[in-house]
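In the two complexes below, subunit A is the common chain; its partner is subunit B in one and subunit C in the other.
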Partner chain A sequence: MTETAARFLARDRLEDLVHALARPGGVEVREVIAPTVEDGAIVHAPIESAAELPRGVRDVQAPGVYRLEETEDELVFAYAVGPHAWKRRLFPPQRTRLTFAGDDGRGAFDAADDASPSRNGDQVVFLGVRACELAAITVQDIVFACGPYTDVSYASARGKAFIAAVQCTHPASTCFCTSMGTGPAVTSGHDLALTEIEDGFVVVAGSNEGVELLESLGLPLADEDRRSSAQAAVRGAADHIERNNVGVDGSLARRLDRFPEHDRWDEVATRCLACTNCTMVCPTCFCSRDIHTSVLGQGEAGAERQWDSCFTVQFGEVAGGNFRRRLRDRYRHWITHKFSTWWQQFDASGCVGCGRCIAWCPVGIDVREEIRAVTEGEHGEDPREGDPFQAREGAQVRAETVGAGDTPGDGVPEPPPVMATVTSARWETADTVTLTIATPPGLDVRPGQFVMATLPGIGAPPISVSRISGAHFEITVRSVGQATAALCALAPGDRLGISGGYGRGWPVDEAEGCDVIVVGGGIGLAPLRPVLDWVLEHRDLHSGVYVYTGARTPDDMIFAAEMADLELRKDVTALRTVDRAGPDWLGPVGVVTQLLDPDAWAGESAVAFVCGPERMMSATLDALLDAGIASDRIWLTTERHMECGVGLCGHCQLGPFFVCKDGPVFDAAQLGPYLGIEGI
Partner chain B sequence: MNQEERQVTAPRDALARVRLGSGLPETSRDRLVGVAQVLERRAGAVLYREGDRTPYLAVVVEGRAGLRTHVPGRGDITLSTVEAGDILGWSVLVPPGRSHATVWAVTDVVLLVFPGESLRQVMAMDADLAAAVYQFTLAALGRRLGATRLQMLDLFEGPPAFEVPRPRGALSKRLADVRREPSQGEWGT
Partner chain C sequence: MSDSPPRVGVVKFASCDGCQLTLLDLEDHLLEIAKSFDIVEFAEASSRRSPGPYDILFVEGSISTQEQANEILELRTQTAVLVTIGACATAGGVQALRNWADHDEFRSAVYARPEYVDSLATSTPIADHVTVDAELRGCPIDGGQLLELLSAVVAGRRPQIREEAVCLSCKRRGTVCIMAASGAACLGPVTSGGCGAICPAMGRGCYGCFGPVLDANTESLTAWLRASGRSDGEIGRLFAGFTAYAEPFRSVVTRSRAIASEEDPRARE
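On to the complex of A and B.
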């Protein structure tokens, strides 16, 4: 970028700036989105003229309080952030994610990824972006555009945005950007940065495009007095925020994940209304859900991607269960992720200190107070890292790749489902079906991975792959909800959408030369079956093979015939148990852990693969660890609510992990700490 | 059970195999061996009967035994099974000395048994021996209690099944072909 000095924009030339932003080169091509007053709040809206900016307006913000007051001055940026974050333009509250067209079962899905931040789909200017908001955009850049999968809609919108930032001079009592290291000074990520002073604006460029725009205006250099006034105004804002002494120690906030059972979670749950306001106004919250829709009789369907909130009961819900039923769990999840596990996940803080969640909370819950209450008694820097905000610079560098307009980073576009044909359907039990599906071109799936099985207009549940066999693969589905019931109803010749294989699979290669222990419970045997297939196919590469499976009753056993055959093999030790036996059952009765026989295994060199209900996995893990198997040689797979399968929707958060892309297979060293924590 | 594979017949060998009293002084172990017997029972044999006087404490050396209880209207229900290394007849150690379940041999079994009266006598005269027996028994009961608790949780119950839609028209015939009920044989039972 060409070096640029600070320029001075006189107040009466603000209109020229707005004109130049909208018409660089003299032709109208860009929509200018800027702060305006609407319904008693400062919100973002398209403007045609500088006269539409909030002139002579101040905001009063406090926990649960937001109101505007009029003044006699001419200042147009003398307020802090309002309820609108720029994510509304980059990641709109609702957009079409998928379309499906066709009938007679010959239809196909298409990705609808051409969202735009502007009304006409062209370039857009964000005028009035604050430093904390630039940081927030960077945070969302990392989430949506730095892989492994990219939200192409976001990346496209991001590439079309010219950012004219404004340095804060009038912070609110809710601001704590200084605690989070994000403001109030604008340091990077902008094309222009304005600082409002009494008679106008000191303007600097942050990109070549910004330099060109300033040159087109022919602005004079800002003199020393005006530059000093601008610096003093920003420094004064920082001092004001610090003097409020209501900041939060960012390094202590990072320790929130150490207090999953703190009493404060119960206390805050008595005040929180779960209204979701905090997540809606948060500039970094990125969770979404896909609403599957259909047009009756038209052969058309699709999926609308909408903002979602981890405060809703449905957020952690899976068919027949809920991972965060209690409000305390949902509040803990939100704040712990935002301030603590976000660092482990994205190498950045999920909070930028804008304070919106404080002002717009109807009962005035102040995150700063909650963090202080939970981390009370903790001192000093987090020993896990050095400077907790050091990563910010790295995040900015990564975000710069987004502006180029092409797909940024290492990510690939989130793919639409590919249609595939069911070739057979076999009932395993009274409510569980194994579907054999012709592998569609391009689908690559490995043991332990899952696919999103999409039925137009119905849903897209994640289903583990239960067999991979040449030109076909299998999924085993238990009918526990509307979507899985519809999958169970599929018959040979029916078609469904498949995307995947997603997630980290079983590391079958690591078992080579080792004793292999496979422990499965109930439907949990389904994702383990490809491991068995692999091990048996390469039997000579493994030492002992021990397969222990449990089911509720003999009638609830899936793959029963295969497991019975396995019991007859001389080169495999296979045992099945049931919790409840009928008079005809002569096998073991009891929980699956009773089958385990550590004396038979080559202790330290064994590798274990485990899947089943969490409590079963926990008991199995104890037994395997007691047998001397290292935690990083014990592999477990887990379940969470998923909407996208590729790390973009936020639903499957588990501690610092996305189950969909960091799992679903984890080693026990990773997953062990979270087993048994209610509502995590 | 294959007779040729059965290596353990002497009580001393059986004791070593099930790791009972391995830390005991020689004299104590001799006392324990002195009251022990090896019993072999065929599959189907009833080893204990619910409510009867418990004849002996037993450690399963080989095979599988099932603990059953009778539920009026439902017949005999197998509550759990025990395998090599597990104990049976622990009630012989505590009054009133009556069995809590009916135990039957699911397969041929080999048991190391300690008749109640003889066992109580040597435990009364040898505190080390008594401690070893109680510790062994408590550890086995602890495992069984933990497993029973997990069993009570009914971990594999899962959510109630959602009724699978039955489409009308062309699909229904195809669906009928595959939506047949599995036979008992297919379930491997």
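On to the complex of A and C.
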């Protein structure tokens, strides 16, 4: 960048600026998206002329209230943020994520990642971006574009956007950017930044492209008076927010995750409509779902990616259960994520203080009030010290590697599913099938990881791998929903899309030289089978091997023959139990924890691998800890609703973790504090 | 179902036929639908009639007479998959407003010879009478949802019909929230989406024709309506639309009418 001196754009030359923004080289190449009045609000829409900017308009905002008033002046940027966030352009409400072409025998998926922020697919100008909104874009850069997987559509749209920011001079009562440290002054991330003063605009460039554009306009330098009025206007906005507005104590807000059982969650749930408006207007909320569908008579079935919200009932739903069925849990999740666990995930706040969620909540719920009510009596210093819910390595390591300084596009593009062929299908129980799948080229999957098993037009559930052997891998699927039912119906020769292996697997190496304890409940034995395979294959590298498994009834036991064989081995202790016996069952009846035999284990050096329903894992964890096994030597794997598998859709959160990328395997020190919290 | 196309019937009870017409309005897809389904009963489309059995039966309308109550029981025995379509079939329809009124008085006021009118005192949804396998809501139903249901049947999958508030559709299409921006009364936050949020996009509040969304917090919305100066009579009328008889809208209507009539007996009229 060669020059950053402030220039002056006279009010009557605003049209020249809009013209230059649209046609930087003299030809029309860019769509200019700017604030404009529509339906009683200032929204973002493409403009052709500066005359379409909101002239002489003021906004009045309060909890649940947004109104426009007209004034006599000529100001065009004298208002705070409206209902539209720039994410509409970078992360569109709906876009095609996958296309599937060809019939079942030859079809393949393709990633459709070329969404554009503009109608014509070319470069675009965002005119009127405020400091809080720039901060929000940076937050979404971290979420979408800094890895480990990248939303290519977002990164591509981001690269096409020229940002003409505007300094905030007229904040609303709902603004609290000063609390969150994001505004009101634009300091970085812009190509141009304008400050509106009485007779025009003081303009500075923030990038080479901005400098070139300013040069093309041939603007005079801004004189001392104008520069100081511009500075005073922004300072005035900051003072106004600080003096008049309700703020948020950011360090207190970071402690929200300490209060999962606070009464306020029940109280706010009586007011909250679960309408999702706060999340939809939030400039950082990034959750999405993939709609796999097909249209009658059309051979192609892809997937549409659509804005989703953690306030919907289905957000935490998996076939057979719902991790956040109660509204109190959903509200708690949203606000805790935004202000608290976001830090652990992305080393940033998920809130930028724009106040949209306050103004656009139909019943006027004010996050600032909710935070105060929950953290009342708390102190703001050292937010993470001694925190029982402190995220451990998983989240913190990522915060170090994926910080605000990373460049968008650093991650691996989220891949489309690769088609793979089923080579055998074996019914384990009346509702559970093990599919053997020829490993498609390039697919790398490790014990404990999962794959997204995509069926065109039906769905893409995450399924743990239950065996990895040479050119094949296995998945064991219980038919509990429409997608799993369709997977169970696959026959040898059928094809399905596979992406993965995803997530953190079992650290099988850590068990070397140790007693190995494997505890599985029901279908939870499936992800543990690769551990057993590994340990038995390297039997001499391990000390004692103890395998405890439980099922509802003898008929519900998966891998029954293999487990029976295991019981016969002299070098393995294998025990099975059932909740309810059948006529032929001679073994133990009762919960799996009854089988555990701590006296047999070398407690301090044992390593345990556990998977099953969360209540079973919780009970098992207590027993293992009682036996003296260190919590960081107990490994658990867990389940959540997933749409993408790569950390972009937001569904699989469990406290500060994304189960898809921080897990699904966790050590008990990480996961333990969360296992007992209902609806986390 | 066998390899031959599923036998489909479309029947109606107390209703206006608008939902059935949504099927005929799927113009671009009609040929494909005719190929994929054997439509054996559809009075709006063909004089060819069939008493069943049906693999799939689309049922429009509410149960408003004893004859209809008997007929739906019979149809259920003839049907593998019964799908109710529209606000009348799924919630009782606008005619369910009579469930709060004096039936005889209504009959006398409307008909010259009320003794010829043999109707029940209530209008009730189909699910109050027989087991329903799937429902498409709305007044009328949404063509996209209908096509999705038909496509899902052919593909052998569950239809992707989400349970979420109208607000998500408003936000996705970029509509400015009329509650926040103008103080308008809108049932969007408590109403199931699927319509594409057409009413708020036209600047008027959602009138709830898709019925209450799962866990609809009508308590909070009525508190807001009251705080914004609406009388209980007004609140009752707002919820007393096409899906008034579906809980929890029904409770709001009942309670608001009771409060309003205490304050002013004429408000019941």
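Following the convention adopted for this analysis, the second predicted complex is superposed on the first by the 647 of 680 C-alpha atoms of A that agree within 3 Å, B and C clash if a C-alpha of one lies under 4 Å from a C-alpha of the other, contacts with A are read in each partner's own complex, and residues count from 1 in each chain.
By our rule, contacts are C-beta pairs under 8 Å (C-beta built on N, C-alpha and C of every residue); 3 or more make two chains touch, one makes a residue touch a chain.
These numbers come from a predicted model, not from an experiment.
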{"item": "Clash-or-fit label for the pair subunit B, subunit C on subunit A", "value": "fit"}
{"item": "Contacts of A:Gln123 with subunit B and subunit C, given as first, second, both or neither", "value": "neither"}
{"item": "Touched partner set for A:Gln231, first subunit B, second subunit C, both or neither", "value": "neither"}
{"item": "First, second, both or neither for A:Gln314, with subunit B first and subunit C second", "value": "second"}
{"item": "Contacts of A:Ala486 with subunit B and subunit C, given as first, second, both or neither", "value": "both"}
{"item": "Contacts of A:Thr4 with subunit B and subunit C, given as first, second, both or neither", "value": "neither"}
{"item": "Partner chain(s) touched by A:Ala41 [first = subunit B, second = subunit C, both, neither]", "value": "second"}
{"item": "Contacts of A:His84 with subunit B and subunit C, given as first, second, both or neither", "value": "second"}
{"item": "First (subunit B), second (subunit C), both or neither touched by A:Asn244", "value": "neither"}
{"item": "Least C-alpha distance (whole Å) that remains between subunit C and subunit B when both complexes are overlaid", "value": "6"}
{"item": "Contacts on subunit A seen with subunit B and repeated with subunit C across the two complexes", "value": "481-482, 486"}
{"item": "Contact footprint of subunit B on subunit A as seen in their complex", "value": "319-321, 424-431, 478-482, 484-486, 488-489, 491-494, 521-523, 550-552, 554-557, 560-561, 563-564, 577, 579, 581-591, 593-594, 612-613, 615-616, 619"}
{"item": "Contact set on subunit B toward subunit A in their complex", "value": "64, 66, 75-81, 83, 106-107, 143, 146-147, 150-151, 153-167, 171, 174-175, 177-182, 186-189"}
{"item": "List of subunit C residues in touch with subunit A within their complex", "value": "29, 32-33, 35-36, 147-148, 150-151, 154-158, 160, 162-165, 167-168, 171-183, 186, 188-190, 203, 214-215, 217, 219-221, 223-224"}
{"item": "Contacting residues of subunit A [partner subunit C, same complex]", "value": "38-41, 43, 64-67, 83-84, 88, 93-94, 270-277, 280-281, 291-297, 306-307, 309, 312-314, 327, 359-364, 457-459, 481-482, 486"}
